[in-house]
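The two complexes that follow have subunit A in common; it is paired with subunit B in the first and with subunit C in the second.
Coming up: the complex of A and B.
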């Protein structure tokens, strides 16, 4: 007998409120519908009512995980309108923070994914590794969630002693290489829950317009860091990671290898941190009439910002398209025909950020 | 001593509720502590399972609208009653209950009652999560009962009797070893531990089939689970560990064997992810089936 099964909006498998409502026949999912908007905050409208400095603080709260990405992308848009070029040291520091943020986001995801397949020990391991990243971010910025590093024209805080953070990166590399990656890719029970599960073919990935690790796990080699390098990515020689399989395991592997690449980027950036000022401008920025679109690679995929200025104290328009906003609908395609038991891990494999989506 | 009194003492005192409940809490604490230490956590204090039970006793009981009050409240009571009665039959040293012909059959029947109660609890809850849990529980019991029942039946065949005391006294041989392994195979699923914990997968169906239970009825279900742990581990020890002529030594060996078995299944649980229902089912019908066939063959070859 068919029945409908709601996952969410409040459910142990979700960190944030959204809803996947599935129609099941026995243990098999017939169809699914995704609902979002349970915590809509209207940040785009609020951004038109605050001045250029206040908006950075507001925008940083679009997301609690990729907070830096949003503030940074907004600042990059404002800098583009004002024709400001940020100092090299600031670009390096922004890159370091962005990659640390990617590490902590991916580790958080890996932990949640482990929990969703009932692997509590792996969750504990991953979260103890994540603490290393959080401690590093806290040591650099003084904050664990909203780092407050970005300002229009550069960054607020310096990294005076880059070598101090290398041991944490070494420990992280070791933990990833010896525990997290082997457990996900070799433990028979973990493989049984991820291999061949929630498949999204390359064609479907194009059709549903997914971005980020989800797209790269379906064989689409799209990454803004490679396609349109910004900050210091071109100088540091970024290499993207893709897998052709399109299943949950491929998404795990893509994120795991991206973490390894992030560690390499951070280490390179710390070692080659150029001398120089932190900001290109002093005092409050003046943003002339103009508009800009900026794309950056957030941990979950491409973040798109359109910012327009009429020369006033506030932005005229801030349009935010977050990666989760485009990835979440693809859950419908992934779960159809799959066992109900896999619903949690499949929706989690997209790494849906509801805070971003309900911006 | 009057037979009725001996049954009452076996049910209520030893090896029944008065001793089984603390022993069950001890075993629960041991498992939780071991998992925590393995995961680099501190783990719960010694009395935590007892605190959990007492706290639940003091909470309000909420009965969902449209659910029959009688059956909703009866299920946990029946579950605790059945599992304790089953434990009272196990010939632990000092058990006052005399051995009955065919008590193995009664034991196996009583051991199925808590499972039945859980399935019914899920179905009467009117919650979709509870119903999915109940369906999973029922299907999983079809899977793990193959090796579980075969292990006990093979021992009965070996001993030539369906009497628990005969199983306990059977001369030690290869069948003990094979049937013991087959029994252990079924244990993680019977205890609802990883990798066979699909029926209580909180990340899919929020909780197990007791999802709508709260307060004292939930405490009773938890108690039933604790006593079931004691029952399963001590049943393993009594049937598969060779007995010595000294009852006190036997008791210590049985308790130690129980803790060892729990340690083993806990290690397995910490090192695995949760398998899907179909995967768990396939595991039990393939590997459990092979183990069962080998065990039965060994009893016939003799």
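Coming up: the complex of A and C.
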């Protein structure tokens, strides 16, 4: 007999509120409806009431995990309007912070994913690796979550001694190569819960317009870092990772290999950090009349910003489209025909960020 | 098998939970407790302008003082106030801030009073410039040190005038 089952908004698997209402026939899910909007804060409207300096602090709080991506993308949009080109050193530092953030976001996801399949020892291993990244971020920026690195025209803080952070990167590569990747790809317990689960075919991926690791795990080779290189990605030679299978295991593998690529990018950026100033402008920014759209690759996929200026003290409009906003609805396609028990890992495999989505 | 090996390896190792003594050093760029130096403050208002959560505000006691206010419950520790302060009057120390409360609560409030001084020329009350700024601007001209902004402008234009029309210099000095 069919029945409906609400999961959330107070969620058993994730810390953030969102609701999946599933229609089940026995153990198998017939259909699902996703509801978001439980942590709406009206940041886009607030951004129109804050000046160009304050708004960076505000935008950084769109998300608790990819905070730097949002502040950075907003600053890039403002720089595009004002025609400011940031110094090479600032571009490298932004790249390093963005990739460190991707590392800690993917490691957080790997930990949460491991916990969702009941693999607590792997969760502990992953989170102890994540501490290395958090310590590095804290040493560079002074904070573990909201780094406050970006300003319009460059970055606030320097990386005075880049070689200091290489040992942590080495330890991280070792941990990934020896523990995290083999366990996710070879451990029978992990494989039983991920292989062939929550498939999203290439056609479905196009239909649901997914982005980021979810799209790349379904064989869609889209990555803003490759398609439209920004910051120092063209100079550092970025290579994207894709998998054709489209199941949870493919998403795990894509994220794991992306972490390896991120470590390589960070190491090269640290070793080739060019000398020069940190900011292209002095004092408080003045943004002329204009508008700009900017795409960047956040840890979860393509983040899109539209910023308009009327030449005043505040932005006239800030439109934020986050990657989770397009990835979360695709859960409906992934869970159909799957056992109810797999619902938690399938929705976690999208790496939904509700804070971003609701803004 | 990798996981079993890892777990066995962990059994032979000491605990990975860090004791307070093993914690990583507080980075030099750590943004902690906020401090304000009234002797360096010119009450220009830049810190209040860049403060997104409005943790910093100014009040005036006309003719007597300007007060700088800070409420920790609204502070997001972004450090923009310290970074944008033109006279380095605000600093974020590497100490853990005390008394963190909710935005509506009764957390730490700081007040720093900047006393106004009468202008040595016209007597108008004004915010005195910090010593470092005075030394950079008027290292030689001792007389201009206590001037208010209006008198500083007057003095600057008087210097310009006397440079172009030397004869006019005497008149200007006796004008007021």
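Here, the second predicted complex is superposed on the first by the 359 of 359 C-alpha atoms of A that agree within 3 Å, B and C clash if a C-alpha of one lies under 4 Å from a C-alpha of the other, contacts with A are read in each partner's own complex, and residues count from 1 in each chain.
Just so we're on the same page, contacts are C-beta pairs under 8 Å (C-beta built on N, C-alpha and C of every residue); 3 or more make two chains touch, one makes a residue touch a chain.
The structure displayed is predicted, hence computed values, not measured ones.
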Message: For A:207, using the defined touch cut-off, is the partner it touches subunit B, subunit C, both, or neither? Pick first, second, both or neither.
response: neither
Query: Looking at the overlay, what does A:27 touch: subunit B (first), subunit C (second), both, or neither?
result: first
Query: If you stack the two complexes on chain A, which partner ends up touching A:227: first (subunit B), second (subunit C), both, or neither?
result: neither
Task: Go through the superposed model and pick first if A:141 touches only subunit B, second if only subunit C, both, or neither.
output: second
Message: Is A:156 touching anything from subunit B or subunit C once the two structures are fitted on A? First, second, both or neither.
response: second
Query: Which partner does A:343 contact after superposing on A: first (subunit B), second (subunit C), both, neither?
result: first
- request: Check the residue A:192 against both partner chains and state whether it touches subunit B (first), subunit C (second), both, or neither.
  value: first
- prompt: Do subunit B and subunit C land on any of the same subunit A residues, and which?
  reply: 121-122, 125, 128, 187
Subunit A-facing residues of subunit C, complex: 1-3, 6-7, 16, 24, 27, 29-31, 46, 49-53, 76-80, 83-84
In the complex, subunit A residues that touch subunit C: 50-51, 53-55, 57-58, 60-61, 121-122, 125, 128, 135, 138-143, 146, 148, 156-157, 178-179, 182-183, 186-187, 284
Field: In the complex, subunit B residues that touch subunit A
entry: 35, 38-41, 128, 131-132, 194-195, 197-198, 201-204, 206, 270-279
Sites on subunit A touched by subunit B in the complex: 3-6, 11-13, 27, 114-122, 124-125, 128, 187, 189-190, 192-193, 339-344
